[in-house]
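For reference, the structures are reproduced in the following blocks.
Next come two complexes built around chain A: one with chain B, the other with chain C.
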Partner chain A sequence: MRRWDLIVIGTGLAGLTAARTAIEMGARVLIVGRGMGSLVLFGNTIDVLGAIPPGVDLEAGVTNWIAAHPDHPYARTGWAGIAEALVAFRELFPPPYSFVAAGMSNSLVPTGAGTLRPTYLLPVTMRAGAGITAAETLIVGFRGFKDFQGDTVSLHLKCRGVNIPLPRYGLEGLSALALARLMDEEPFRNSLGEVIRSQKAGEKRIGLPAVLGLREPAAVMEDLEGIIGARVFEIPMLPPSIPGVRIFNRFREHLIAKGATFLMGNPVTGATVKDGRCEGITICNPPLETTYRAESYILATGRFLGGGLWADMERVSEPLFHLPVSQPTMRGDWFQERFFQPEAHPIHRAGIVTDMALRPVDEEGKTVLSNVWVAGSILARHEAIEEHSREGIAIATGYLAAKRALTL
Partner chain B sequence: MTHAGETRTPSHTLPDVCVRCATCMAVCPVARVTPRFPGPKQAGPGAQRFRSAAEASVDDWIELCTSCRLCDTVCPAGVPISELNLLAKAKYLDERGRTFRDWLLVRSDLFGEMAARFSRIVNPLMKNRAVRWLLDRVLEIDRRRALPDYEYPTFREWFRTRPAVTDSGSRPRIAYFHGCFTNTNEVDVGKAAVALLEAHGFAVDVPPQRCCGIPRLGVGDLQGAKEMGGRNLASLLPTVQEGTDIVFSSTSCGLMLRHEYGPLLNLPGAEELARHLFDICEYLLRLREEGKTDVTFRPNPMKAAYFAPCHLKSLNIGLPALELLRLVPGLDIHLIEMDCCGLGGLYGFKKEKYAITEDIGRDLAVEVARIDPEVILSDCEGCRMQIRQLTKRTVLHPIQFLRDALPQPIAGFSPTSP
Partner chain C sequence: MDLQTEVLIIGGGATGAGISRDLALRGIPSLLVEKGDFTSGASGRNQGLLHSGGRYAVTDPEAARECIGENKILRKIAPHCIEDTGGLFVSLPEDGAEYRATFIRACEAARIETVPLSPREALSMEPRLNPLIIGAVQVPDGAVDPFTLVVENARDAESRGARFLLHTEVVALIRDGLRVTGARVRDRITREEYAIAAPWVVNATGAWANQILGLAGLQIGIALSKGSMLITNTRLSERVLNRCRPPASGDIIVPNDTVSILGTTSLREEDLEHFEVTPEEVSFLVKELSRMIPSLREERFTRAYAGVRPLVQSGETADDRGISRGFALIDHGSCDGVMGLITITGGKLMTYRLMAEKVVNFICDKMGLHVPCLTHVQRLPGAGLSHALKDRLLWLRRQAPASRGELLCDCELVPRETVDAILREGKVRELQDILHRTRLAKGTCQGGFCVYRLLGVLNEMRKGEGLGGSNRILKGFLEERWRGIRPVLWGISLKEEELIESIYKGLFNLTPEERDRSEGSQT
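Presenting the complex of A and B:
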């Protein structure tokens, strides 16, 4: 039976980061996911801690935040751990399609709902969207492309917006992926650029749905900028997220090139645990069940959508290792009174509590499994949605979990 | 202690498990090139909620699904999307009736042996422009699609008549499922499989076998697929019951035998067969990891590109061929980072679908041009056919390349010259 040094369970940003960190350390890595992971859903920019206002130095902001939130996953990594992991992440995306920050602090970028959202690292194709003003911005959607309405987005941003026809007949109803593929073709993007230029009325920045190509997005942006004569930026929108697919593909390509084994499409249905150690996990591809073994395991299975956490009518549980889940005492305490209110719903803070090394612990703080580490959004005591910390937590804890798992 | 995992949900309730996250929309090769197919989310669980056994099918685009199953491999909710599509397609075609062309194409196993025997007549005939025009007009087999040549002697014929291996009695036995295409159209793949297995110390059996049945699934003929499966189980089960493992070299045949005979077709004995059935590269890699082989490969300083077939992703065994190829010293091996070659098996031969398969394949051709390899390697005969047509380059099964990299030339095997 083949043995790996590390098995990473979960193909979201946390799992991919952990696998990549481990493989750079020379480990034999198996990464498994029941599906493609959350990058395709939410992956766009890299939020670290959007709760820190733009203009405030992020290092100082996060350091203060950690002091005030000693239970937060960031208290396990510290600012130094976050910074180190972000450097490693950025190294995976060399120019031209790189990730950049607006100085040392957060910036506000427009969303597909027409709101402004704080974030830290942006792919270069979104850089010109940071700090837009209404007077100089034009939002462009495509007729027949249902996932992004230029005029609705612009209405909320209080700037001008148009929905233009696509340059080729018969493209109405195309998916985001199909559009991204067409953008990779020079003739298509050139003629699209001409249409956009004809719509421009002196605006200096043009916002488009985030479908500017899969293969060479930076070149797509530059070509469009050249033709239109204005800065061009992508606006994140509904899933599937093309920028998320780019991140996923880059990680997968890198991991496979470095010798990692990638298994995707079947759930991990069981784990064998003996004397506080995981001895193997089972993957079910009907009618076969196969057991995979490693020295160490990283659990990065996400929350409710990814299947890392499971809620029945009364309790939240972790279905694979049956780890203790920190959660409100009663179901009645799961939610705030109203769906949209500024304070996080208490259930958002539910998850797995760990020691400083990210190993799961019980209510008394005792380590439950000695060779399992936990990373990403499944961790307890963060409010990733409200504090805008989703990708930062994934990258920083994925990185730390792999380091700890391999240097025990 | 072993934790029991999730219990299986009956598939008719599974559309409701879909959370409409649209991950499948990021990989579907058909939706990538045409708005005529609404994509897995809509065609599978979306439309399934409105389908009823008692009502006639309304969605004619269901036929545009190629059954590549990439959607299944990315779904975070475990929805059997391609199975829902397949069942809807079967119902649609049951109601509408299948064309003579479809009836004929899925029975290539019946006339393959005969075509191989008369390959010197059949091959030029199938390249004749008038014949292709006729096939195009009458049967709607697209004339732009290159038809594969037939070869004689067939693999089975070659295997039956070759000199016996001298020490075969003392060697561990292994059985080989070659599939129809290897038997009559790409005999060298079968020869390579036998050579590699023998180089690894096995005595090779070739049990009686029929078409795996996956072409019939492609036209929604579940009953036909079941019949083929039943016949194969009857001849393959005794082999595994004797304790002999079976390896396959065709990804799609392997997927059909291993994962459809049981879960989809409910054939008795399917699970027992599946437990002893392996992809040939998966098997050889496993031997290596268990320290049961010391076979090494000769250096070959070529630039090669490997393409992973969609059905290999559904087998979910990683990329064993790529891992074996990395053991060839000096080989500069690149993974082609592209989903789906576009052929979809017999799908790509049909006139009304040819443009879709060409469009999907174009992305792959661009990637190949960027890598510019001397040889392209892929486990699936459909992918190989499509890549040959798209790129006009040499395309081999990885085991052909590995066979040629074995230390000593094997008696009775001519190396493939790329």
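Presenting the complex of A and C:
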């Protein structure tokens, strides 16, 4: 008996977006995955295409850019597809913790290295960081919290910085997650706010590591702003990423409320393929192996980090469906000589090639599996790291894959 | 600022540091200049193998005898730099029982203790060995930490009046007619140039010997041979594993604290400043060494590196492994009529002390001094200390949680306190100096996380600027790290690489220098 209309494989931003799109269309959805994907590592703001400079209209910029990059995943979605998917994403985050843009273009946000990074949608907790000036900004780090070096940030932004001791807690074993949970406690953040206020010397904006709570970050920010008497903003830092966990939690809560089935933590060990169609996937929950079947499947398993792609000493492969992977011919060609070069390392352009509907194709362009769609970073021919397009690709292709899978 | 000394030593490898200590113990003043940090050349880029001599027993009995002699001395004078792992010479079916018998006889002749082992005995000692082995022979191989060994030699020498100038390169040799009377040197960081006068100049630059000699219009016959090595993420064996066959490429696995070092290759190299480990060398080493440990193909590798050996040429030989691994002491006064200049090159890390002894004997002889060498009996100052993992763990356990402080590196358990102490000493001049003196960036993530934290510490002390601007240092570090990891990026290492690249290029938006300049970015 086929119980599901759609099985989404992968619980990163692409898979979550696909599952949510499908559930809004009334489908019965099963979503399976091993973890939060790159959200828990890098999920902060929503990058769409950082290559378009701030001040340039993003729609015009992306449209021109697509014309110059006809192989790119965005050439499958078009600007209209990106825009529609972003509207849907923003609907999932109503105020107070909403995502906002600086008009119709990218803005620059400070990072944990003290650099500025172009991005499109920001959570409200990062809004005050866009377009800061040195004179009015104070960067606050916490003593013993080593994954955010406040001095590095303030040195590069040429503003003032302080390292403050945390109320109640010593140096030992403080993780970002532990800090975020503490921030959710009102007495803790109130006393922290008092310490920061005592350090303030007329600055109008206060930059903190992005750990302002898991449950109610907007309230944490507002409380701190009230006590300190200045705008407060979060700065993205080394993984794990608390803002990414917030995105994941919001999606999961919504999907479960809408009736999707969530299977997390167990690996998908195999897929049954017959006559160019996927007949089912096997999930291992020791000692049991269970087969799940659906009309359609979306593959959103990420790249090497997520396990969607695997490289041995010779080749890059896609381990679940054994789909053809577009890649450089030899291992010697995977990387450039230097780490920092203007072009991405060729291996980052490797991945699954699809047709316009995001179905996987072989070298001749023939559809390999007729009921499987591919979304997210596993797709070939983008340079998400250099382009700053990670979340945009995930959201736009996750959205499109679900639409195509359900309206075939 | 001009300086004066009795003996000017060029080169801060094991040989140079060893000469410095030997001179100091005999009461002769010296000054050592090194263009990088200690062990920047082959002394820091080898397999860290404390040879028993077994490797050379059949093909080069003299080298074998030297090795076992120095092996016993180093165990006495530098026990803290050595892990007494023992070693096995393993015979696979293609190596044959006959060579094994020859090997045992040759070891006996060189006075290297051997214990023949049956396949079963060897497999119970080293369970990851290929079950097809036909036998093994146990020898007193071990693992040695070259950096600590060299730094300890230098520290001891310094406490006895010797001087050291790191990041200082020789730009010219000063001549007075037929005599070399010193050198002009340049500080590579401040660019300051000055002269050092010395009646004796010792060229202990290893593979760079001819670069120094070229300044005096001289040249010696050495071949440069690149050897590449791989580091695994875990320790594969308790003992050093060698193939029981004539020395060849890809036949040694040396355990080193928590990891193993696989080696080596042997390729002619011309360019001493830019040499890389090629994908072909990596594939070769993995394939060849997986004969000894079949599970190697599934192993995670953290880094590859290469060193250049100076091999003294005594005649025409087709294969570099045929050229003697012995050393040469050349008095350019008697060879070339250029007085006051000595070159010591060739040899191995194992024989550094012996090489130093010969050099200092020669100088004493010329000076008419009769002071005996003491380096074979006088223990190094830190003897008794340990850097082994178990001791670091014990140290951590002894600390109360509150006083334990931050760990900058979670992979290798490096506390912030260690770095603070090094900075307080005031001798480090660049990031790599700090990394050489700690285990930072040597673990699984190869510094991907801890270098960010280290720079934070430097910025907090505002030392980052002194070292050259923090994000520039960070990029320099990532570029240097890349040289090591690029050859081994597949499997799990590639996952890690995607993570690190996503952090620094993606999240932190660090871009190539070219773009920095054109965009006037904040770095």
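Quick note on the criterion: the second predicted complex is superposed on the first by the 402 of 408 C-alpha atoms of A that agree within 3 Å, B and C clash if a C-alpha of one lies under 4 Å from a C-alpha of the other, contacts with A are read in each partner's own complex, and residues count from 1 in each chain.
Just so we're on the same page, a contact is a pair of C-beta atoms (placed from the backbone, for glycine too) under 8 Å apart; a residue touches a chain by one contact, two chains touch by 3 or more.
What you are looking at is a predicted structure, and each value in this text was computed from that prediction instead of being measured.
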Overlaying on chain A: chain B and chain C, fit or clash? fit
For A:R181, select first, second, both or neither according to whether it touches chain B, chain C, the two together, or no partner. first
Which partner does A:R303 reach: the first (chain B), the second (chain C), both, or neither? second
Quick one: is A:G112 in contact with chain B, with chain C, with both, or with neither? Answer first, second, both or neither. second
Applying the touch criterion given at the start, work out whether A:K146 contacts chain B, chain C, both or neither, answering first, second, both or neither. second
Could you tell me if A:L155 is touching chain B, chain C, both of them or neither one (first, second, both, neither)? second
Between chain B (first) and chain C (second), which does A:G332 come into contact with in this model arrangement: first, second, both, or neither? second
Quick one: is A:A311 in contact with chain B, with chain C, with both, or with neither? Answer first, second, both or neither. second
Chain B versus chain C as contact partner of A:G78, first or second or both or neither: neither
Per the contact definition in the header, classify A:E253: touching chain B only (first), chain C only (second), both, or neither. first
Once both structures sit on top of one another, what is the angle chain B-chain A-chain C taken between CA centres, to the nearest 10 degrees? 90
Minimum distance between Cα atoms of chain B and chain C in the superposition (Å): 6
Contact residues of chain A, present in both the chain B and the chain C interface: 38, 41, 170-172, 238-239, 305
Residue positions on chain A within touch of chain B in the complex are 1-2, 34-38, 40-41, 170-178, 181, 215, 238-242, 245, 249, 253, 256-257, 259, 261-274, 282-288, 305-307, 319-322
Tell me, which parts of chain A touch chain C in their complex? 38, 41-42, 44, 50, 111-118, 144, 146-147, 149-152, 155-158, 163, 170-172, 236, 238-239, 303-305, 310-313, 330-332, 334-335, 338-342, 345, 347-348, 384-386, 388, 390
Chain A partner, complex, touching residues on chain B are 1-6, 8, 19, 21-23, 25-28, 31-35, 38-39, 72-78, 258-259, 262-263, 270-271, 274-275, 286, 289-290, 313-319, 322-323, 326, 335, 337, 363, 366
What residues of chain C sit close enough to touch chain A in their complex? 278-280, 283, 286, 297, 401-402, 404-406, 408, 449, 452-453, 455-457, 459-460, 462, 464-465, 470-471, 474-475, 478-479, 481-482, 486, 489-491, 494-495, 497-499, 501-515, 521-523
